[in-house]
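Okay, handing you the structure first.
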Amino acid sequence: VRTAAPGPATKAEILVEALPYIRAHHGRIVVVKIGGEALDEVRLQNVVAEDLALMALVGIELVVVHGGGPQVSEAMRRSGVEPTFVGGLRVTDDAAMEVVREVLVGSINSNLVGSLCSAGLHAVGISGIDGGVLVAERVRDLGRVGDVRVVRPDLVLTLLGDGYTPVVASVAPEDDGTPLNVNADAAAGALAAALGAAKLVYLTNVEGLYSDLGDRGSLISELKASDLEKMVPNLSAGMGPKARSAVRALGTGVGKVHILDGRVEHSLLLEVFTDEGVGTQVLP
Amino acid sequence: VRTAAPGPATKAEILVEALPYIRAHHGRIVVVKIGGEALDEVRLQNVVAEDLALMALVGIELVVVHGGGPQVSEAMRRSGVEPTFVGGLRVTDDAAMEVVREVLVGSINSNLVGSLCSAGLHAVGISGIDGGVLVAERVRDLGRVGDVRVVRPDLVLTLLGDGYTPVVASVAPEDDGTPLNVNADAAAGALAAALGAAKLVYLTNVEGLYSDLGDRGSLISELKASDLEKMVPNLSAGMGPKARSAVRALGTGVGKVHILDGRVEHSLLLEVFTDEGVGTQVLP
Amino acid sequence: VRTAAPGPATKAEILVEALPYIRAHHGRIVVVKIGGEALDEVRLQNVVAEDLALMALVGIELVVVHGGGPQVSEAMRRSGVEPTFVGGLRVTDDAAMEVVREVLVGSINSNLVGSLCSAGLHAVGISGIDGGVLVAERVRDLGRVGDVRVVRPDLVLTLLGDGYTPVVASVAPEDDGTPLNVNADAAAGALAAALGAAKLVYLTNVEGLYSDLGDRGSLISELKASDLEKMVPNLSAGMGPKARSAVRALGTGVGKVHILDGRVEHSLLLEVFTDEGVGTQVLP
Amino acid sequence: VRTAAPGPATKAEILVEALPYIRAHHGRIVVVKIGGEALDEVRLQNVVAEDLALMALVGIELVVVHGGGPQVSEAMRRSGVEPTFVGGLRVTDDAAMEVVREVLVGSINSNLVGSLCSAGLHAVGISGIDGGVLVAERVRDLGRVGDVRVVRPDLVLTLLGDGYTPVVASVAPEDDGTPLNVNADAAAGALAAALGAAKLVYLTNVEGLYSDLGDRGSLISELKASDLEKMVPNLSAGMGPKARSAVRALGTGVGKVHILDGRVEHSLLLEVFTDEGVGTQVLP
Amino acid sequence: VRTAAPGPATKAEILVEALPYIRAHHGRIVVVKIGGEALDEVRLQNVVAEDLALMALVGIELVVVHGGGPQVSEAMRRSGVEPTFVGGLRVTDDAAMEVVREVLVGSINSNLVGSLCSAGLHAVGISGIDGGVLVAERVRDLGRVGDVRVVRPDLVLTLLGDGYTPVVASVAPEDDGTPLNVNADAAAGALAAALGAAKLVYLTNVEGLYSDLGDRGSLISELKASDLEKMVPNLSAGMGPKARSAVRALGTGVGKVHILDGRVEHSLLLEVFTDEGVGTQVLP
Amino acid sequence: VRTAAPGPATKAEILVEALPYIRAHHGRIVVVKIGGEALDEVRLQNVVAEDLALMALVGIELVVVHGGGPQVSEAMRRSGVEPTFVGGLRVTDDAAMEVVREVLVGSINSNLVGSLCSAGLHAVGISGIDGGVLVAERVRDLGRVGDVRVVRPDLVLTLLGDGYTPVVASVAPEDDGTPLNVNADAAAGALAAALGAAKLVYLTNVEGLYSDLGDRGSLISELKASDLEKMVPNLSAGMGPKARSAVRALGTGVGKVHILDGRVEHSLLLEVFTDEGVGTQVLP
C-alpha cells in the first residue's frame, strides 16, 4: 500500500523540526566526503547534490571531498591494466597516476561540480594542486601514492567566503610538484582538521559501523573516538582509513564525525536536519 | 483516525521540496506584516516566530512590521476611553497616542522581539522614530494619526547587513518630531517599496481575499494588481489599507504580495517553502 | 543686573578651552545614565539632548542608558497600584512588569530617542532584549526584578560603528526570555564595563556625593573607588546602586565615573568640555 | 574696565551655540587657504592651528592650503635677489624657484604641519608634486610660474579617509615634472572645486571685501558670485586671485567662499562655529 | 662562436628596458591562450610557466586559457577511436566528450596548474563548469561541441582579486548542465571581452600571421582588426578561430591581440616586457 | 671594442633570472637609504629613480629614506656659514637647522619625489614631522641634532597600503615639536626595524665595506652582524652610523642589510634582481 501524500500540517511540522538544526549549523564548516560508490549512479549523485545544496543554502559552510576508487579501477581495466592494492592503498605507477588524475579531476570532480551547479550551488572543483591547498609525501613502495603532509586552507576559505562551494579531488603534489594519489578519506579528515570543521561526514556504501562485522544487527549508533581507536585494527579495508582519519580529526578540534549510508536516499539530509538517527556518529 | 507520524522518506521529501524555494528567496528582502490578532495569543505568536526564524536562517533578509489594533483598543478601554474610528482609522488624541505608543512599542514590539530571539534570531525592535526611518504627516481631523511621507531605510539595511532582524512598530514622527500613529499595513507597504522587497506578506485573520465577501467559497488564490485596484472600493475596513498598499507596492518594484491566514499554523512556512497554495497572492 | 552677552573674543576663548577635552575624548566610549527625574520635564530633556548631541558630534562614541522610576510609579498609581520598594528595588509582579516595560520602552525611551533625533543624532532605542544585549537573573523575592548577568555588546558596537547612538532602556530578559526590570544604574555600569568605556556619567537629581549627607557644604569633588567603596553602607537608597556599580566598573577598566546634577543646565557639557569642576568624579 | 571671566552658564551657552554649526559641517570638506602673513608670527600661527584642530576634531574633513609670499620675498632678498612681480604674480627664474620651494615646502609647510601636530592633529605636509596631486602649465613670460591645469585629489582623499589632515604647499609640476610656483589662492580654489568642498575659506590680512576700497566702513558681509565677478577688474593685487578663484569654485559646486581676517584671533572659529558674522561670505 | 655571458651593465639595461612595459601593464587584465602544442613538451611548458609567473608577479592580472587538441586526439586514438573534424571543429560523441574532458581538465589543466605553482604562482584550475563561468550551446551536427553563449566572469574576478591566477580549460556546460567541448581560441576571446582585457595573447605553433601563407617572409608584424577581418576566409584551419575571435574581442573593448610563436622560448616575455617586435599584433 | 647589443635570447634570460628574486621580495618591505652623494647629480638620481620604480612596480613595499649632507653643507657655505662636525655629526644651531630643513625637505625630498613620480611611482614626500612618524631627542652639545627615540609607522603603512611610495627626509621633532636634524642612516635603520623590513639597503659612495680600509682589494662581500659590530670602532665617519644602525636593525628583525655603491649605475637593480654579487651584505 502506498502511504498518502503528506498534508500541509505534516509539511510544516517537518520544516519546523529542521529549525533547531539549521540554527545550530548556521555558519559552521561541514566537510562531506563522498565515496566513489555514491557517485557511480547518476540518479543517486543528483539526490546527494540536492542534499548538499540544501545544506549550503541554509548557511552551512560546505566543503565536499570525493574519491573515485571504483571508477579509477574500471578506467584502468579499460586501458588493460589490472589494479593492485597493498593494505587497502592502490599501487600507482606513472601511467596509472595519469589515469587516476584524469578520472578523479577530469571526470568525477567535473561531474559532481556540474550536479551541484544544477542543484543551485556555485560549486568550484579543485584538487590539492590548485592554490597549493595540499602537499603530500610518498608512502614507501607504492609508487605515486601519498599521505597529506601539509594543508593550506586559504583557497578553500576564499571560495567559501565568496559564496562558492569547493569540491576537492584527492590528488596532491609532492614538494617538487609531482602529483600523487592520496586517500580521499584521509584528505577529508586533514581538511576538516585544518578548517576546524564542526562536522566531518563520510557518505559510504555501508549502513555505518558494526561492533561485529558479520552481524548487521550490531550497528553502533554512537561511540567515542577513544572506543573507535580500539576498533581500528579489526576494521575492514574500506573503514580503516575513515576510522583513523576520524580519530585524528576529533583529536584536533573537529566537532563530530558521521558515517552514513550514501545508498539511502537523503541520509545526509535526515542526519543533518531531522531527529532521525542515521548511521554512526563519533564524538570526541 | 490519527495519521501515522511521517517516516524518514517523507521528511526528506518535504525538505527537498523546500530547496527550490530557498534557492529562489536566498538573499532577497521579504517584509512580513503581522496583524495584531496574530500576536494576541502567545502560542500563535511563538509559531509565527518559528516560521520567521526559519525564513531568516535560510538566508532571507527578513523585515517584520506589526500593528496592534486590538491590544491598543483594549488598553484604551482599560484606562476608561472608548476607541473611535473614522474610515477604518483610529481617532487619536494626545492621551490616546501615549497609550498607542506604550502598547505598540513597549509591549507588542518588545514581546515579538523576545519571541524571535527565543526562536534563534538576533531581532532588534525599532519604530519609525529610531534612526529617522519614517517621517509621517497628519491625516486631516483624526488627531495624532499620520500617513508615511518619507522612508529612510538606512537603519533597516544596516541591521540586516549586520545579521539582525528588524522588527518595526508602526509609529512615526512628524517633521517636528511629534510621534504619530500610522497604519501598519501602509507602513509595511512603504517599507517594502523603499527596500525593493521581493515579497510583502500580510499575515491576517482571514483566509485571503474573497471575490464575494459573503461567500467563503469565493477565495481568490491569485490576481493582478490592476484587478485588485478595481476591488478596493468594495473591500472591508481591514482589507482596504492592505489592498491599497499592495497595489502601490507592486507598482514601485515589490515582486509579489501575499495575504495569508495567520490563524492557520505555519501558513507562512507553507506559502514560502512548499508547493501548497495558501491564501491570496497578488502579482504586479 | 544682567551680565552683558559674551563678545566674540569670549566665545572663541571658550571654544578653544574645549579643544583639549575634545582631543582627549575623541573616539572614546562614554556611557551616560540619565535618571528618570532628568527626563520628566520636556525642557530639561531637550537641554540634555543638546549636550549629548554635541558629545556625539565631536567624535565621542556615546551610549545612553536611562531609568524611569518616577514615571513608572506614576503610571502604576494611575492604574490603581501602589508601588512597593524593598531595599531600593521595586517589587514587580507580572502586571507591574507590563507597566514598567510599556513606560520605559514605549514612552521614556521613545521620547528620548525623539529628542536626540531632533537634536541631530541618529539615535536608536533598544532594551536589553534587542539583539540579546543583556541577560538578567531574578533577585530573590522581588518578582520580575533582575540583576544583569551577561552583557553581549555586539549590537551596541554595531550601532556605534555605523554612526548611530544607542539609547538603552533598563529591561532585560531571563534565560527563558521573560523580561525583567533591572536597575538602570547597574545596567549602565555593566554596559560601561563590557564596552571598556573611558567614562561613565550618572546624571542625577543631586549635586554629587556628600561626605556628610546632611551637609550640602560637604560635596566631594573627587575621590578614589576604594574610598567610595567604604562609603557604600551609609549612602542613600538612590546613591547606593550608583556607588556599587561605579566601584565595580572602575575595577574592570572603566576610566572614570562622574556623578553630576542633571537639574543644572548643561552640567554634562561643562564637565566634559570645560575646566569647570562639576559634581563628583571617582577615579579607579 | 576688564570684563569678568565667563561663568559656567555662559560657557555652556556658547558651546550649545556651536551645535547646529557642528551638525551642519560634520563630514563636509572645508578647504582653508592661509596667507603667508598669517603664518609669519609664531603666536598667530598657533592660534590658527588651534582653530583648525577644533574644526578637524569635530568631524570636518579639513584641507589646508598655504602660500608664503612674504617669506619667499624675504628669503630672496637675503640671498641678494630683488623680487619682481608682473600683474601680482612673482617673476620666477630657476634660482628663484629653488628658493620658493625651499621656503614653501621646507620651511612654511613643515612649520605649519608641526603646529597642527602640536595642536592634536595628524597633519601631513604635501605639495602638488606628491602623489601627482596637481599638474601645472606655465604662464607666459614669467619663468617658473604656473597655473593649475589638473587636480587629482586621490592622495588628499586617502589622507582624509585615514584620519590625516593634508597641508598643501602651492608648488606643482609641469607635465615633464619641472616644479612651478603656483598661486596659492588659485590652488586652493582648484582643490576645493575638485573635492566638491562645502566651504572654501581665505584667511587674509584684510577685514574682508570692501565695496569702496578706500572706505573701511564699506565692508561687504555677504554677496553673490555674480556680483563679485563684476568687481574683479577693480580689486587689489592680493584680492584679485582670491575673487577669481572664488567665482570659479562657486561655479563648480563649492558651497560657499569666505574671506576672513586672519589677524583677528580665532576669526575662523567664530565664522565656523558661532552666530557672529565675520568678514565677507560669497554665495553661489 | 658562443656570445659571452651578459655583464652586469647589460643585465641592468634589460631590466630597465622592462620598466615602461611593467608600468603600462600593471593592474591590467591579460588573457593568454596557450595552444595544445606549447603544452606538449614538459620543458617548453615550464618556460611558458616562468613567463606567465613573471607577468603575474609584476602586477598583471593574468588569466590563462588552454586547449589541448593534439593531446585529445592522441588519447582518442589510444582508446581506438579515430578523431574526425568538420570545418576545423572536432566531431564529438558522448564517449569522445568523456575523453576530451578527462584530458583537458584532468591532465592538461592540472599539469599546467602544477607548473605555474612550481613557478611561484597561486594558480587555480577551472573549466567553464566551475562557478558557472561559461554557458555554451551546441553547434549543429557536431555532437557535444558548443559555442560560448554566456560568460559570467565573477569566479575569475574573485580569484584574481584574491591573488590567484585562474587557468581555464575549454569545457562549458549547456543550459541543462551537459558539458560540451568549446574551441579554446573562442573561449579565450569571449573571456577577454567579458573581462575588458587590455591584451589577448594567442601562443601558437606558427611565427604569426602571414599575408601570403606559403611565404615565410610575408609575416605581418602589425595590422588592424578591419584588415584581419578581410583575411578570415583565406586563413588556415588553426588560424581561423583565432582571427574571428580576435576581431570580435577587439570590437568589444579588448585593447590589443597578439599572435606569438610559442615554440620560441620566452616569446611571451619578449613581447610583453621588451622593445623586441615578436609575432603579429592586431589593433582595434 | 663595443659589445654587441644583447639579442632577444639574452634579454629573456635576464628577465627570467629576475623571477626568483621578484617572487622572494613580492609584498616585502624594503627600506632604501640614499646618501646625499647619489642625489647630487641629476642623471644618477634618475637612474636610481628607475631602479626604485622597478622595485615598487614588481610588488616590493618600498620606503625611501634620504640624507643630504653635501647639499646642506653647500647651502650653509652659500649663506656664509662654515659647517662644523663633531664625531661625524653636524653641529646645528637654529639658523643652520633652518637651512637643513629647507634643503632636505624643500629641495632634496621634493626633487626625489619628482624623479620617482616621473619614473612612474606615486611617491609622497614626508619628514618625521608629518603624521608624527618620528620623535627625536637631542644629542648633548650639538644644538638642534637628535637621535630617533620613537617611530610610529602608521602614516608610512597607510601610504604603502594605498599604493604610494613614502620618501622620508631625516628631520624629526622633539617632544615639544621643535624640529631636529637626525642622521639619515640611523633614521633608515630605525624605520626598517619598526616596519619589520625584509631588507635595508644603504646606497653609498663607496664600493662596500673593506676589511682593510686602505686596501680596495679587501672588499667584504658578506659578513655577520656580530662581525660587523666588532669592526665599528675602526670604521670611517661615514660608515660608522650605517654599521651601528645595521647591527641594531638586524638585531630587531630586519632580514638583511646591504651596503651598495650608488655611483655604479643600477647597482640596486643588480643586487635585488640578479645573481650578481654587489657590495657588502650583512646577515643577522
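Chains here go by letter, A, B, C, D, E and F, matching the order in which they are written, and residues are numbered from 1 within each.
The definition used in the following text is that a contact is a pair of C-beta atoms (placed from the backbone, for glycine too) under 8 Å apart; a residue touches a chain by one contact, two chains touch by 3 or more.
Computed from a prediction, not measured in an experiment: that's the story for all the values here.
Chain centres here are means of the Cα atoms, and by that rule the chain farthest away from chain F is B. Repeated interface, listed pairs B-C, A-B or C-D, reference A-E: B-C, with more than half of the contact pairs matching by residue number.
The greatest centre-to-centre distance from chain E, using averaged C-alpha positions, is reached by C.
For the pair chain A and chain D, the distance between mean C-alpha positions equals 67 Å. Between chain A and chain F the centroid-to-centroid distance comes to 55 Å (mean Cα coordinates, whole Å). The geometric centre of chain D is 35 Å away from that of chain F, both derived from CA atoms. Inter-chain centre distance (chain E to chain F, centres taken as mean C-alpha positions): 43 Å. For chain E, residues touching at least two other chains: there are none. Interchain contacts close the chains into one ring where each touches exactly two others, per the touch definition above. With the ring opened at chain A and read toward chain B, the chains come in the order A, B, C, D, F, E.
Taken in their complex, chain D has these residues touching chain F: 78-79, 98, 101-107, 109-110, 113-115, 117-118, 122-127, 129-132, 155, 158-159, 162, 164, 171, 173, 176-177, 179. Residues of chain E that touch chain F in their complex: 3-4, 6-20, 22-23, 26, 50-51, 53-54, 57-59, 119-120, 265-266, 269-270, 273-274, 276, 278.
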